[in-house]
């Protein structure tokens, strides 16, 4: 389990691969962006010429890609992971995609002798760099155990949450709650400010009681100051809400709050805030009111 | 400032008055419910025959009543607080009511030489008993300072958040966030369970990341177990969402999430769960889906 | 039944009173606005010095007032209708108010020997002038029959829909549907325009099928042209949505669409469109998206 | 233009193909369901052995399929329409699918010398049988003109609404309005009934005024009677709301009402009403309240 093939060396994948190298793994990586490959080789990685090339000699393959179509192509395509991995390979897709994409990969893998896990993360770029990601894993228990050592290099909270796709479903649940809390906090701030109340003091009270949350702890100050520098981008959260809505649809459940949160984040994007931090949802609630 | 008149000796007011007695205050109390008065006198309080009687000799008057109409009657009515308090009295309404009710009281008070504060609380029955309430105070800064000593007997977090009514607005903001987080957590649980994911493990992951909240910390276990024993009753949260919607209306702002949360809590009540804990919002999301 | 006391001679009440005069009734009217009284006397009405004065000699009293508090004061106040009407008077409140206000009036009336009906209207200023209003009447069937002759001067569709308050509930139902259809049509227009589709042709198709509605018939052209000249003002619809939400609350039912429509109309008002026609809801959906 | 290839001979496609036969066209049809093919040949059609076979000799190809994946396969697949149509063929997809599916087909068609139109319909099974469908067409104006003669056999309202995909966008707009009006009417009925108002009389008033709509005209009686026999199935409307939400996403716009309507229809399905008429949305609003 010493050779890792890594596909997708971007903002998240790059530092994750670097952590694996630092931990002693031999990592062969591929990315379409030259800049990303350069940074990867400087960190000690071996550049591969293609997905097939990255995968060929690996014991473990990790993919970290933007969205479902990319995973479908890289995992299932003719030049992809399943087609080129050697039997017995452990394939961990750490992208955030639709649960049904993960299930499709997991269904196709056994025929090639590959063991597949979905293992999306939360914790952002900082978590990727520091190796402190939360990792939600879906798939077979035995495969999860086999992957644990590698995953422990990348994150601190590593949980096996259920069968194939379950990691993605938990990530979707996470993102709908995060988006919703931002929307609620935004409404609270707008209510306070428009009522002539000191929002800072008001939000301090909320943060200290049953309304308290990680988001209030970390973001109430910057939200009140309207500092929405790039953090976790609205564009990405918009993608994630698309996954959450699709996951609910696939599971056959109606989630009214989720439906509304998805539209509010879509509004943030439509208003041109796609590259701001997701706390910029406050701008949507403000704009409704002036 | 040693004599306190206390009107409303129920589930919250009873233990609050008892704490004041224990701290050395002379408390004269009134309530329409005999049982409540009995418990109060057993704790060392003096029973008053009427609101006027409770208020007559007091330096500080505290009211803890169910809703806006009660406060309007007790504060502003012909036999009420303002009419019967001696000049210089500090009147602290700790009920959760509409901000405009608090403003109306604050506007009427000076003509009677009374200083009025709105000081709603959060922390529930347990906080009232333990003297650990969070108290959000609206009114003049000098009056807030004058009230501090008494309030410190009742709570641990005591914050002056703005002018008259501001305490109520902060309470409204608190309740809309609390109700909203319950709804979001409910949708997350329903999504996980309907997708065949271990909800307990999934919610553990959420609790440990950016989706984390006091509610997830305290209630995820009981929610997953469907334990909705009386806590903070849906009926009360329904009342509070009415206040939040009215406060937004009065402030002239649109709050779409708040509007939806109010309807979901109304549904919980319509479904007969009025006396369950507000985490029973989960039952509404479940019922939408079966 | 020849003498009518009429309180509230504004945009709606003025022309309604004039129609009664034209139909041969002796109308004694009162309004706080001098201008309105002047127009009323020019139309042949007798100016009253007070509500009591307008009511004193009347067989039928009609009130047409802005909102619930005005009706409560004019109907129930010490100088009001019930206090001053002679026994046997038929009192028809044609204002749009909360159903519980109407019920309160209906409960208080019998003690004064007065028969009370709630009879809100739709059809706007034009309907008031032309005598073509739709009138939804709540109250006793016998009282409805007694009122029919007078109401037929004012409207063309006159329906007894149930007991006291029922007229208001039907009006609330009407307004929630109207507001909601405007919101839906607005979303349809925004979707078409943002997709590069000819909205005019698209809306023509919608108007001709199952999506068809009076609103599409009358307003799709002006909406696409962004003509929102004063018609039925957003401010009034905002008031009406407040009544609809309150009526649902009183009836103990959750109405999720209604809750959202109320917030969207509140947004229109917050954005400064209070005096535009309610079709200006389109501006809210547009503003969410740019 | 006399030879038509018709793929998809189900509830809609079957009677449409029969109308073309009756109008003198030679129709070669294909369907996977034997029963459908049998009915088609009994009506005078020629059974084809495959899509390729149905398409080979046709001047005009029409497809009427359940959803986007089917159209992608039948239109773009290796044994599909584009691969097998002769140059110059006019290909009209009358299925209701995502606008981007239609655009993908329209982009691929010219390379094979095929002219593609998207032409979804409304009017249901009855409209298909009677040849009175409304048809919304997207694509080149010249191709629309070429298709007009054939389409006039199938429908009475035939409108060219814009470029490729525009027909689907208009259909999506239609369905979001239809779904939304059902939800609003449902809330109005629940409000009236729970308030002790005669819903039948109340809805008559609404139908006669600005709240009036085709849905109120056709369905208020059956809704009040709780008659939800199969009509336009909830399952299909659920599919259509998925298209509407996806179309908004693709167009980059936020549509809050649409988002909520989609969840309410998803709830109808989750509650097991998938095969009832879409007016069964009333059951969702009722269930929220008991």
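Per-chain residue numbering starts at 1, and chain names A, B, C and D are given in the order in which the chains are listed.
Here is the rule we go by: a contact is a pair of C-beta atoms (placed from the backbone, for glycine too) under 8 Å apart; a residue touches a chain by one contact, two chains touch by 3 or more.
Keep in mind it's a predicted model, so treat the numbers as computed, not measured.
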Checklist entry - Which contact partners do chain B and chain C have in common? => result A, D
Checklist entry - If you tally contacting C-beta pairs, which pair wins, A-D or A-B? => result A-B
Next on the checklist: Roughly how far is chain A from chain B, centre to centre by C-alpha average, rounded to an integer in Å?
Outcome noted: 39
Checklist outcome for this item: Cα centre of chain A to Cα centre of chain C, whole Å, reads 52
Checklist entry - chain A to chain D: how many Å between their CA centres? => result 36
Checklist entry - When you check chain B against every other chain, which residues touch at least two of them? => result 248, 252-256, 258, 260, 264, 267, 270, 288-289
Checklist entry - Which bits of chain B are touching chain C when the two form their complex? => result 242, 245, 248-249, 252-256, 258-260, 262-264, 266-267, 269-270
Next on the checklist: Help me check something: in the complex, which residues belonging to chain B touch chain A?
Outcome noted: 99, 122-123, 134, 136, 138, 157, 159-163, 165-166, 169-170, 172-174, 176-178, 180-181, 183-185, 187-188, 190-192, 194-198, 201-202, 204-206, 208-215, 218, 244, 247-248, 250-258, 260-261, 264, 285, 288-289
Checklist entry - Can you list the chain C residues touching chain A in their complex? => result 256, 260, 267, 270-271, 284, 287-290
